[in-house]
Every structure is written in C-alpha cells, then in structure tokens.
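The following pair of complexes shares a single chain, subunit A, combined with subunit B in the former and subunit C in the latter.
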Partner chain A sequence: MDNQQQLPPPGPTGHGDEVEVRILTPHIAQPHFPTMQVTGYGLSLAITLIAFAMVAYHWIGLDTLVTVLVVMAFIQGALQLGIFMHLREAKGTLWHLPVLALALFIGIGIVGFSMWIMLFKSGVS
Partner chain B sequence: MSTATETHRSVARPPEFEDTHESIRILGFWIFLTTDVVLFGSLFSVYAVFRNRVALGPTPHQLFSMGPVLAETLILLTSTFTCSLSLYAARSNRLKGAVAWLTVTLLLGASFVFLEIREFAGDVMAGHTWHQSAFLSGFFTLVGTHGSHVTIGIAWAIMLVLQLMSGGLTVTNRRKLYTFTLYWHFLDIVWIFLFTVVYLLGIA
Partner chain C sequence: MTMNPWILHLMKRLFPPQVLLPDIIGIDIGLTIAAIAAIVFLTKTKRWGWLWREWITTVDHKKIGIMYLLAALVMLFRGGVDALMIRTQLIAPHQHFMSAQQYDEVFTTHGTVMIFFMAMPMVFALFNAAVPLMIGARDVAFPRLNAISFWLFAFGAILLNISFSIGGSPDAGWMSYPPYSELMFDPGVGENYFLLSLQVAGIGTIATGINFLVTVLRLRAPGMTLTRMPIFAWSALITSSLILFAFPPLTVALGLTMLDRIFGASFFTLGHQGMPMMYANLFWIFGHPEVYILIMPPFGIFSEVVPTFSKKPLFGYEAMVASLLAISILSYGTWVHHFFEMGAGPGVNSFFGLSTMLIAIPTGVKMFNWIFTMWGGRIRITVPMLWQLAFVPTFVVGGATGVMLATVPADYQYHNSYFMIAHFHNVILGGTVFGLLSGLYYWWPKMFGWKLNHRQGVWACLLFVVGFWLTFMPQYFLGFQGMTRRMSSYPPGLGWTALNFWSTIGAYVMGVGFLIMVYNIIWSRIHPDWDTTGDPWDARTLEWSLPSPAPEYNFARIPQVHSRDEWWEMKQEGRTDEVKISEKTVHAIHMPRNTPMPVLLALAFFVGSIGMVFEWFWLAILGGLGVVAALAYGSFANYSEKEISRDTILQTEAQLGRLES
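Right after this comes the complex of A and B.
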C-alpha cells in the first residue's frame, strides 16, 4: 500500500529553491534504463583498474605516482557523490550542500593540517 | 507528458524529499555522515603520521599483497552499483527489483567483510598484531573501523529487506532505502581513499 504523498505546489516556491547554477540543474527524471548508474559503475571500474595497474606495472616514478593516485581517488570520490549520492538532484535539496561543504572542510582540515604539523620537517614520509 | 507544469513538478524535488518530515530525516543523516567524516579523517591522519613507524614489525610493503585488495575493491564497487540499482527499482515502483538488488548488495558486502576478516586473521596468525607497531595499530584501527561500518550496513540492509517485504514501498520505506544508499556509497568513498592511501601507496 503506497501512502499518498503530499506534493508541493508546482514551480519554485520562492523559498530559496530557485537555483540558477548550471551544474546544479536537477536531473530527477526516471529513465527506462539506469544509464547514469551503469556509466558511473563503468567509470569507477576503469579508474580503479588503472590505479591498480599503475602500481603493479610501475608505469611512472614513485613521487609522481603518489600525487596521481590521490588525485584519482578524489576524482572517483567525486564521481560517487555526483552520480550515486544524487548531487545532480540538488535543486530540491539545496539545504544539504552546506552540510556537505562542512564535511569536506572538516575532513580536509583534519587530515591536511594534522599531516602538515605532525610531519613538519621530520624527514619521514 | 501532459503539461509543462507536470514536468516541472516532477523535477522540483527528488521523490524521497516530497514529505517534509522524511526530508528532514535525510538532512539529519547527512549530518551523521559529516560526523563520520570527522571519525575517518582522524583515523586517516593517525595512519598517515604513523605509517613509517614500523618498529620491528613489517613495513606496509611487506604486509600487503595486491590480490585480496583488488578483489575487495571490485566487490565493494559492484555492491555500490547494485545498491544504486535498488533505489532505481524503488523509484520505478518495482518492489521485487528493489528487494532483489538490496539482497545482492548485502551478500556482496558480506563477502567483502569475509575477505577482510580472512586478511586480518592471516596477519594476526603471522604474529603481526596491533601491538607490534604504531603502523599496525593505525592500520587495524582505520581498516577495522571501515569494516565494522560495512558490517553494521549489512545488518541494516537485512532489516530493510524485511521492512520492504512486509510494508512495501511506503513513503517511510523509500526514505529508509534512500538513507541506506547514502550510507553505502559513503562507505565506498571511504574505501576508495583507503585502498589508495593504505594499500596502493603501501605496495608502491
């Protein structure tokens, strides 16, 4: 038994849900085939396999490898957020973005600054 | 497509957010995920700082092998894909599809946890426990915290399957499925950084 959902009046309500940012244009239409999901899966598989191959076959030097792998991790993480965690549907749910920004701010703050201060001129890592 | 307003209504807001109360619960779940970012961020920093403090124990290079990590990674990636298919089926109002994909997700999650426990057991058998070095303490805490999150996720998924089968695709159950997929994708993002920073950079 499907509960009846209370739909809001159509169109922008004038309460801050009019978003003009291009990348936040919502995309909630339900297609007949889950193209987005399949694309996301394919892309993350490809990135993962390339990352493993770079380590296994020593394609590039160690110094560059660290940077490249971390950048690839960030790309893949962004892919997950954008495709699977519905960031493209953000228009109706714009109030979630400050929370996400807070998470990124705290996360990068903790990791970045801890490493910076703890490994400061220590010569390790 | 009947009218322009009809289309507009359908894109105003994702279906799980139409009900105000459920929508607030999803926001609450995002706040929980933020606190989890703090948890994992701290553990990642500890690991990064103590990575080279191996004492008399093994170095990351000696401890890790690529095979099991690749298997675990592929399993977890596939499980987040099936998890998103579950929500897709729910949005298409296909209850059976949603339950089936959710079951596949939790089985994949269980095999991930199995592989990880086997890896940990192998390390401990070889004498490499968390007592041995700061590196191993950091490693077991970080990877173990992620593994326990996945385990909790499996328990959650089992309960969700039961609720979906007994209650169907109600407004509440749809929101529960939505928050579960957020949780599961979040764990996948953590694992992406984990296999990169811990395993790949350890092996490299």
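Right after this comes the complex of A and C.
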C-alpha cells in the first residue's frame, strides 16, 4: 500500500500539504497481468500498419479510402484515450468533458480546415 | 601511407568541404580550447561531483530554471552572431563575406536557434523560476519530467549546434519547406540535423506543456482560485495548452519529412504524388500558435511588472484574462495567412485574412490595460519597467503591420519581402525578447539572490532599443522597394544601399547592447548587491514573500490566499508575519530525490539521433534501446522521497530570520 499514489482531494484548489508528499510515487497497484493494455497496444499497432498498407499498396479506391482512414483514426483515438490515457479511471470524470470537447473541436477543425484549404487544384502536386 | 577506405569514407561524411572553411575551423579550434579549459578548471577545483549532484541530476525547478536561462543566453549569443554575419554580408552591394551556400546555412541556423533554442527555453526559464513560487507550490507537478524536458532541450540544442562543424548545417530556412528540403535538392546531413534536433527538443517542450498545465491547475495554494491567480500564471496555463495542441502537427510534419529523406517515402516530394504544400499547411498549424506561445508569457510578465512599478493593481484583470483566452482560441484559426499565395481559393483566403485581423482586437485590449494601469500610478523607472516602456511602441507597430499583412491582396506584395521580415522582428524581438529580458531583470534577484546593476542595465536597454529601431525601420522600406528575404547579395543602383547600411549599423548597436548586458551580469556577480529582504521591488505576488533565493522546499508553510496580489495585501494589512513559522506550525517536508535518469534518457535520444542523422542505423537502434532502458529504469526505480526534517527547516528558517518570536 505504501507505493500507492494518493489521489489529490477533488476540487479546483483543494491542495493542502498532503499531496506533494507523494509527488513522484508511481501507480503500481495492479496485481494482475495488464491484458487490456497489451491488447490495446497490439490493436493500435495493427490499425497503423493496416492504414499504411492500404495507402502504400492501393488496396481500395481513393473515395472509400478517405472514409475508412477517418473511421480508423477515430478508433485509434478512442483506444489511446480509453486505455492509455486512463480516461475512465480518474475521479471526477465530468471534468474531462469540456477538455475533450475542446480537443475534438480543435482536432476536427484542423482536419476539416486542412481538407478545405488543400482542395484547390494545385499545379505542383 | 594508404588510408583505410572505410575511414576515408567516414571522414568525408563527417567533414565535407562545407565544414572545412577556414573560419569554421577557427571556431572549432576555439571551442576545443574552451572545452579543455573548462574540463581542466572543473578537475582542478574538484567540481565534478558538485556539478553532478547539484545541477546535472537535480529535479529542483529553481535550478532547472537557472540552467534554462544560461542555455538561452548562450543561444542568444550564437543566434546573435549569426545575425551579425547576415547583416555584415548585406552592409553593401555585392559583398562576399560569405558564399551563398554559407549565407543560407547562417540564416537557417539563426532562425532555428532563435525560435526553438533561445526564445522557448527563456520562456521555460521564467516559468520554472516564477510560476511555482507565485502560486504557492513546492515544485512543479512532475519534477522528474521537468528535468527530462530540460535535458531533451539541451541535447536537441547541442545536436543542432554541432552541425556546422560536423557534417554540415541545415540550409533550407527555419521552416524547411519541401520540396527544397527533400533529398533530391538538398542532399547531405544538414536537414537531418534540423529534423532530429527539433524532434528531440519538441518532445521536451510538449512535456513542459503538460507539466505546467497540471502545476497551475492542481498545485495552487489553498484559497488561490483561478481568478486570484497572478496573470503570469494565467499566461503559463494558456501557453501550456497552446503547446499541447500546437506541437503535435510539427512533430508530424518533421516525422513525415524524415521518412521522406531517410526511408524513401514521398509524403512531400515532387514525384510519386507527394504533396509539398501539405507540409506548409502542417507547419503553420504549428507555426502560428507558436508565435503566440512566444508572446503570451511576455504578456504575463508585463502584467506583473507594470502593477509592481506603478504601485497599482492591474487595470482590468478580467479583461486581461478574457483577451488571453480569446487570443489563444483565435490563434488556431489564422494559420493560412502564412501562405495566401499558395493558390487556395478566395473563400479560404478571405476567411483566414479576417480571422487574422480579429486577433488584433484582444491584443489592443491588453495594451490599453497596461497603459491604464500606469495611468495615475507612481511609476518607478527600473530596468524591467524600461523594457516594458520600450515594448509598447514596438509592439503597436508590429501589430499594425501584421494587420497590413493580413490584407490578402496586399500580402501578394508584402509576402516574403523585407516588410514581412521587419513585421515579425517587431513582434518577436520588440515583443517576445523585450518581454523576456524584462522578466529576466525582474526575477533575477529571486533566482540568484543578488540584483543586477541598475545603471548598466539602463545602458544595455537603451542601446538595444535604439539599435532595434535603426535595424528594422529601414527594412520596412526595403520591403516596399522590392527587396525579398533570404537574398545573399544585391546589386547597386536599386536604392537599397543606404537603407541596408543603416540596418547593419543598427544590428551592431544591438550587439553592443547585448555585450553590455553580459558585462552587467558578470559585474553584478563580482560586486553583488545582495537582496536580503526577499522583496527588492516592493512587489505584489507570493514569490516575493520568500527569501531570495528561496530554500529548496520554497514554502516552509503553504500560505493561505485571501485575495489577488496576496503579498501586497499582507503588507498593507500588516500581516507579513503570516509567512513566518514557529516550532508548532512546522512539519517535515518530503521532496523528490535527484536522479540521473533524465540526463541519461536525453543522452540516449542524442546518440540515437546522431545515428539517424548519418543513417547509421545500428547506432540509431542502440540509442533507441538506451531510451527504452532509461524509461524502464525510470519506471522501476524506487522513488522514495527524501525527508527534510523539522529541525533542518527550523534551522534554515531561523538563519533567514523567519521564525516567529
């Protein structure tokens, strides 16, 4: 138990003297084999390789390719957030929602805008 | 004697003709002598152990801040020498001080060093020095990660800086646009250095962003609500979130270019359906927020400096926070203004032109806030305040010319001319650098315990500012007269000669200003004016309630915050004894232990990067294994904290005169 990280008390400023005491203690309270993490790692590698292969070896036509890639990107993002970023594990999950919304907003904005910007008929590419 | 062909090949790769110029060899010899002298000095004075224990393995944010600051000043020198070389080449028509190739290398290094290895670390230096202290914390949220960030930056900087003497400098500009930066047009290892060094330093930067985001959100002293937080802490919070969103696109752009150059992919190549323009798009998705990453911290610094030296609370705190937030959101929607000429349709260009102009509004709001703070205040002209006063007009001019550039049809004329060069130097030098130097003079006593001499500081500032205007005003007119950026020489008879001459003189004046600043630092170190009060400026925020420099644990007792400008209120209400401790109130404090893991991790990255730069994949794999080993060591090592006992704290605080009587 001594190695377990103490979660700071909830609330925006609830930080007294107790937390910096445990400032660096890693969270190693998992007695069982981390099946989920290993599966998640394998899956995210697989998705990356499949995406790469689809583009490199022209498995499917361009129109469907873009759709499939976008879908795979979402799965990849969900994997990372859910398994490795501990999205469901921390206390106060509600706090994550505005931050996630902002990230989604900026992420989708960047991709959407980039597609809009690059739509012109370029003489170079 | 016949030479082994393998060694011959290696020597050719390490020392191609472009690094065998007499001046470069001269610098190599000078640096080698300096390095030997340093080693001899450290050995003679038996300082190696001290260096290792006190600095290299430290996780203390105050020391990491000092290391960032020294590194940034060294890089300012290096980038400044590059700048003087550029200006010397352009002092008169048809100069051949450097070859065109060397000129390209020098301006590329200048831009890259100044943005990534001078301005960014100086920002982090001040974050580390001030933010934990002003929010009442004992360290950043992740002290070991903080050390990792620093060492990744340091080894990234070393990587870029050795390129000119080993293998050859990058030469494709600080943004390294393809197709020129691709293997086909730019063989050699220079561009690889650029890609790898920014990648390594960039990992550290993202980690710093996460660190300060969490620090500001989670480690504030009790009672310090977000709306009681000093604006500099706000700017650290917002800068960190900008970093978090802006750096990944850069990572992607650099990574894909690396795949192109080293593994024969064709993301941005001319052939094989590559799309060079996608690089410009990705780069500026990063690049525009990056310029705001550089200007937000100075905004925060001025919001501390102006109230302190006007003896008034900041005018319009809420407006200040709101405009910081507005700028951070807007700065994500303007990046196309860096490539209006690429050929996107009028819809795209109008949208981004308008969004760019919108940014000028919240920026203007802040200007008025500072001016109204000074209005009717009792202003003391100290060196930090002097830099602020110099900043106001320069930044107004920079912002106004920015709006001119955002006018799309006009930008077809201005783009990549000296007009644009003058614009961004107005905002980056006149904004970011003036702000950082203001912060340097402001927090210096807190970092080191002694003040910088006032008179020398004034001279450094005045010369720098005069030199600044003399350098960049002519460049606006050069832009109007058609001089484009990155010309390595120009013919006479175009009306450019006199303007270029004065611009170069201005650059030399700035150089003298910088030298006086260095003299100022060294002189003040030798004749220290000790800050015994901890509050030399009669300032307002919590860091000034501590002794200078703060003890290892910062606060013997975490303060309870009741208002904005808490320390000022304490002084007004005669509550300053609250920071003192007694036998009864003191507790033992646990602090993280030093660890060699950060520096070893960064070293492994460095070794691996050298492997990638020269395409020695065995070395790259070795470096990669080193990274994994360092991470594994970091995960499994025992991180029991060290305890600072009550007695030690009582003793330390008693020496500082901070025991309740």
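What we mean here is this: the second predicted complex is superposed on the first by the 72 of 125 C-alpha atoms of A that agree within 3 Å, B and C clash if a C-alpha of one lies under 4 Å from a C-alpha of the other, contacts with A are read in each partner's own complex, and residues count from 1 in each chain.
Please note the rule applied: a residue touches a chain if its C-beta (ideal position, glycine included) is under 8 Å from a C-beta of that chain, and two chains touch if they have at least 3 such contacts.
Just so we're clear, the structure is a prediction, and the values are computed from it rather than from any experiment.
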Partner chain(s) touched by A:60 [first = subunit B, second = subunit C, both, neither]: neither
Partner chain in contact with A:50 - subunit B first, subunit C second, else both or neither: neither
Partner chain in contact with A:110 - subunit B first, subunit C second, else both or neither: both
First, second, both or neither for A:120, with subunit B first and subunit C second: second
Which partner, subunit B or subunit C, touches more subunit A residues: B
Subunit B/subunit C common contact set on subunit A: 8, 12, 17, 26, 103, 106, 109-110, 114, 118-119, 124-125
Subunit A - residues contacting subunit B, complex: 1-3, 5-8, 10-12, 17, 26-30, 34, 37-38, 40-41, 44-45, 48, 51-52, 55-56, 62, 65-66, 69-70, 72-73, 76-77, 80-81, 83-86, 89, 91-93, 95-96, 99-100, 102-104, 106-111, 114-115, 118-119, 124-125
For the subunit B and subunit A complex, residues of the former touching the latter: 5-6, 8-15, 17-19, 23, 26-27, 30-31, 33-34, 37-38, 40-42, 44-46, 48-49, 51-52, 66, 70, 73-74, 77-78, 80-81, 83-85, 88, 91-93, 168-172, 181-182, 185-186, 188-189, 192-193, 196-197, 200-201, 203-204
Of all residues in subunit A, those that touch subunit C in their complex: 8, 12-17, 19-26, 103, 106, 109-110, 113-114, 116-120, 122-125
Complex contact set, residues of subunit C against subunit A: 137-139, 141-144, 217-226, 245, 249, 270, 273-278, 281-282, 285, 332-333, 336, 342-345, 348, 558, 587, 589-592, 635, 639, 641
